[in-house]
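Presented below are the structures under discussion, each in the form of structure tokens.
Below are two complexes that have subunit A in common, paired first with subunit B and then with subunit C.
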Partner chain A sequence: MEPITALLVVVICVILGGEFASIGVHLIPVGGAPAAMGTATGIATGTIQLMLGAAVVGLFTASSVATFTNSILLVSLSGAVGAMMMMGVVMLMANIIYAFGAGVVPVSGRVAVDPITRESQTEYKTPQTDGHGVPNVSYISGMVGALIGGAGGALMYFALLNYANFPAGVAGIAAISIFVANAIIAAYNIGGTIEGFHDPKFKRIHKAIFSSFFVSLFCGVLVWLTANLGGLL
Partner chain B sequence: MPIEVVLLFAWMLVIAFLAFIACTFEDLESDTGSQSNPNSQVQLAAQVGQVNRFFNKAISGEPLSNAMYSATAGTVAWVLLQKFEPLVPDAKWKVAILAIPLGVLAAAMVHVIFATTAHCGRTAAQKRFEQPIYLDVLYGHLLPIATHGFMTTFCITSIAYIQSNIGYLAFGLENHPLNHPFALPLLCFIWGITVGSIGSSTGDIHYGTEREFQDRPFGEGKRVVYHGKITRYADCGIRTQRDIVGFCAKFGGPCTGLTFGLIILFENYRTLVGMRLGGFLSALPAITRPEEMFILAGDLAAIWGIVVGLLIGIALTAGNMVLVKWLRKRYGPFVGV
Partner chain C sequence: MTVTPAVEEEVVVAAKPKKGFTFPGDETNLGIIAGVIATIIVLIPGLPAVIKAVGMIFAFLWGMDSVRKTSKYGLGTGVPSIGVLATGYGIIGALVGAACAHVVGSIGPVAPGVLGGVVLMAIVGYLSGVFSNHEKIIGMKIPKLERGMMELGMAGTIGILLEFSIVAGSLDFGLVVEKAISSGLVAIMFILGGMSMFHPYNACLGPDERRERTMMVSVEISGLLSVILGIALLVMGSPWGIGDGISLIIFGALVWLVFYRRFIQACMKECYATVGTGLIKTLG
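Presenting the complex of A and B:
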């Protein structure tokens, strides 16, 4: 591949991957520290930590799949499904601990009625809390978010591996790093907790998409420079 | 089915079991040191006048600290493997028996150093709230922290070793061994992040919502007015983290282990099932295959893997919907004050 063509392809893939990561982070239900006390809806950990955990599971499978297929679509989808599965099991088991360890019903604190299942939420919520557990709307939002985020991570890995000709290990580390940069921007935009697409904070997503574009652009050019100056192209 | 393929599936079960052990101990280790999210309450307790005997080590988020221990163990183990494997070329696994525990031991030492500095630093910063550094609490918790961390890191390093060496098992595919493309330390890093991420997001709930506020009403989310007012007294005497670990080991820890075990099992099995259905594994003994056949089989394997993964995802979503519906019916609306 010509260096200029490689520049275009790598930058486009990295920007797409970065944007996917940013959108994915906005969709997963993150409750942060309050969720560990059942004071907020969502999963009881930080935004970046959760999304990174899901993305690296996807990346593990994607890197395996990349050894026996040359299709960027299949590798990205493999990563997406891996991240989705990780998020699905985590949210389900979190609900099981909420239910049988703390006796709490999963309930949204931001909406009175679940937008997907139409189940009422308010009367199940503990007063002076912002909801607890992972209700169905947040669960589905989280699955979709992990799917998109995982696809972003795997897409970047594939681009770095095949278009920038990085060795597999370096491509993995670089993809994780670019992913984290975009996830951090999204985490700042969220500001701690978010329940999913139905949360009012989700409307701020355009700011993160705008910022992620420039960060990913910078990362993409940097990747190309590294590959070019390192003699990989 | 060729015996090599059966053995591959069996190895995946071994990996899933190791993952179960790893994440169970990871959650219990975080409970022992009060790391991660419920630590905010231990930190807050002294500030609202609740002087306590809890161990207070929030080194960093669990994924990052576990990635550090695992990557340290993986790197040391990898260096030892590289150094000593040429000495026993016919039985390289013998080196692993020496290298993995030594690598994990190095990581455990780093872990104890961080636990000591984190606890002393955090508690010393609370001097203005009259929170003392209890030396018996410090000494009494370091060994449980190190041993629980050792178990986690050992299992993670073993998983990474198996995955990075599984090509030895698939000896029939000399043109395309099944080793994972990532090196042992990078696999340790990846699984370290994942194990911490899961331990932080599921296991903490049992500690934070239930055990940390055990003298508050059961069956409700913990209200903001309770924050910082943690349960400081045990069944007998004053509570420390050693009372908490035994409690969380009955439910929160195994649930967390099951989470990671299921994830690893689903991920590996769907890849292997995809490879089997795509015709990728059926030709294990065949060494020479045309390139086009290889690509076609690889694509099919990936497609089957994705389809199986999506089916599992749909099943998980349906499972959550059934669980939530059952809970709403069983527990009913909130009736407290």
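Presenting the complex of A and C:
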């Protein structure tokens, strides 16, 4: 591939991957420290730990699939499946601990009625708290977030591996680095905690997409520069 | 009546670190001193691993100070996020730096190309600081976040470059890719490099947090990282022979021991009371 064509393809793939990471972060239910005490909806950890974990699992599956196929769609989807598996297990285990360990039911603190299942939420919520656990709407939102985020990470990995001709290890670590940079900018946008697409904070997503575009653009150019100067193209 | 003991206490705390080695008191001074020392060391990739480890400690100390400076105001996502951001930028910057060094070549023992990665990452760091802090975009409203993120990009890049340089023995792009990244060592470098920047403030934050005490934790983790890199160096082989890895392990263990003891002593002296298992007290 010509260096200029490679620049275009790599930058577009990195921007797409970065935007996917940014959107994915807005969809996963992150509870942070309040969730650790069972007083807020979501998984009791930070955005970056969740998204990094999902992206790394996604990269494991994506890199395995990339060894025997050249289809960008298949590699991206396998990354999405890995990330969804990780996120699904984490959310399920969080719910088991909340329900059988802490004795609280999964309930949303932001909406009175679950937007998907139409189940009433308010009467199950402990007064003075902001919800507990991972309710149905957050679970589905989290799975969609992991799908989008995992596909973004795997897309970046595929682009760096095949279009920038990086060795597998370099492509993996560079994809994770760009992914976390975008995920963290998105995490700053939501201020640490979010329940999913039904959360009012989700409406701020355009700001993260705007920032993510430029951060990914610069990272994409830098990655291309590495491949070009390092003699890989 | 209550004023007098408080003043006395402050005097004691301020006078204590004067004995022996102290850290520069000002954030800007520390940034300049640590940045210059680490940059000079990273520019000469042929140095023995122990000297590079000294540069690495300074680079991560600078990064830790920037994490502390920005996280003080509350990021909302936890302190680790900004440290991981610094490491992520550091990896990209180090790759660009190694690739630039590949093209520019070296003048004698000096490889000026690596500075390309540091400068480019400073620009990206500054821009992400602007995006995060600008009130019309994300609007985090943290004073000097732009400068903090720029410094984090630079410190992360220099730190990761020095880690690559320790393991690969040079900053040649092919060697770095083969020895430091494809071998899988980059995963340890990523997370432990990040740990020495974000963990100190994450662990020590609170109303009685003291900068010198927090910094000891950063140096301590860099010491542990040196031990691990020394073991890696023994396995991978170094142009300086087997002594390079062994000296790095001994250096790392000494740094860890000295700063761990210092940290525990400082904690024991400055706290009101401790209740423990006795294990840590015996070491202190």
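In the analysis below, the second predicted complex is superposed on the first by the 233 of 233 C-alpha atoms of A that agree within 3 Å, B and C clash if a C-alpha of one lies under 4 Å from a C-alpha of the other, contacts with A are read in each partner's own complex, and residues count from 1 in each chain.
Here is the rule we go by: a residue touches a chain if its C-beta (ideal position, glycine included) is under 8 Å from a C-beta of that chain, and two chains touch if they have at least 3 such contacts.
In this text, all values refer to a predicted model and were calculated from it rather than measured experimentally.
Trainee: Quick check on the subunit A-based superposition: subunit B and subunit C, clash or fit?
Mentor: On the shared subunit A, the partners clash.
Trainee: Does the superposition put A:Gly46 against subunit B (first), subunit C (second), both, or neither?
Mentor: both
Trainee: Once the structures are superposed on A, label A:Ile173 by its partner contacts, choosing first (subunit B), second (subunit C), both or neither.
Mentor: A:Ile173: touches subunit B and subunit C.
Trainee: Using the touch definition from the top, say if A:Ile185 reaches subunit B (first), subunit C (second), both or neither.
Mentor: Touch partner of A:Ile185: subunit C, not subunit B.
Trainee: Go through the superposed model and pick first if A:Gly32 touches only subunit B, second if only subunit C, both, or neither.
Mentor: both
Trainee: Touching A:Val215, do we find subunit B (first), subunit C (second), both, or neither?
Mentor: A:Val215: touches subunit C, not subunit B.
Trainee: Contact-wise, after the overlay, does A:Gly230 reach subunit B, subunit C, both or neither (first, second, both, neither)?
Mentor: In the superposition, A:Gly230 touches subunit C alone.
Trainee: May I ask you to name which of subunit B and subunit C touches more residues of subunit A?
Mentor: Counting contacted residues of subunit A, the larger count belongs to B.
Trainee: For A:Thr69 in the superposed arrangement: first (subunit B), second (subunit C), both or neither?
Mentor: Only subunit B is touched by A:Thr69; subunit C is not.
Trainee: Answer with first, second, both or neither: which of subunit B and subunit C does A:Leu92 touch in the superposed model?
Mentor: first
Trainee: Touching A:Pro115 in the superposition: subunit B (first), subunit C (second), both, neither?
Mentor: A:Pro115: touches no partner chain.
Trainee: Output the subunit A positions appearing in both contact lists, the one against subunit B and the one against subunit C.
Mentor: 32-33, 46, 49, 52, 168-169, 173
Trainee: Which of the residues in subunit A come into contact with subunit C in the complex?
Mentor: Going by the criterion above, the answer is residues 32-33, 46-49, 52, 167-170, 173-174, 176-181, 184-185, 187-189, 191-192, 207-208, 210-211, 214-215, 218-219, 222-223, 225-231.
Trainee: Quick one: which bits of subunit B touch subunit A in the complex? Just the residue numbers, please.
Mentor: Touch list, subunit B to subunit A: 36-38, 40-41, 61-64, 176, 180-183, 186-187, 190, 193-194, 196-198, 200-210, 212-213, 218-227, 251-252, 255-256, 258-259, 262-263, 266-267, 270-271, 275, 280, 294-295, 297-299, 301-303, 305-306, 309-310, 312-313, 316-317, 319-321, 323-324, 327-328, 331, 333-334, 336-337.
Trainee: What part of subunit A is in contact with subunit B in the complex they form?
Mentor: 32-33, 35-39, 43-46, 49-50, 52-54, 56-57, 59-61, 63-71, 74-75, 77-78, 81-82, 84-86, 88-106, 117, 119, 123-129, 131-132, 134-136, 139-140, 143, 168-169, 172-173
Trainee: Taking the touch rule as given, give the residues of subunit C at its contact with subunit A in the complex, in rising order.
Mentor: Spelled out, the residues of subunit C in touch with subunit A are 75-78, 80-82, 84-85, 87-89, 91-93, 95-96, 98-100, 102-103, 120-121, 123-124, 127-128, 131-132, 137-138, 140, 173, 177, 181-184, 186-187, 190.
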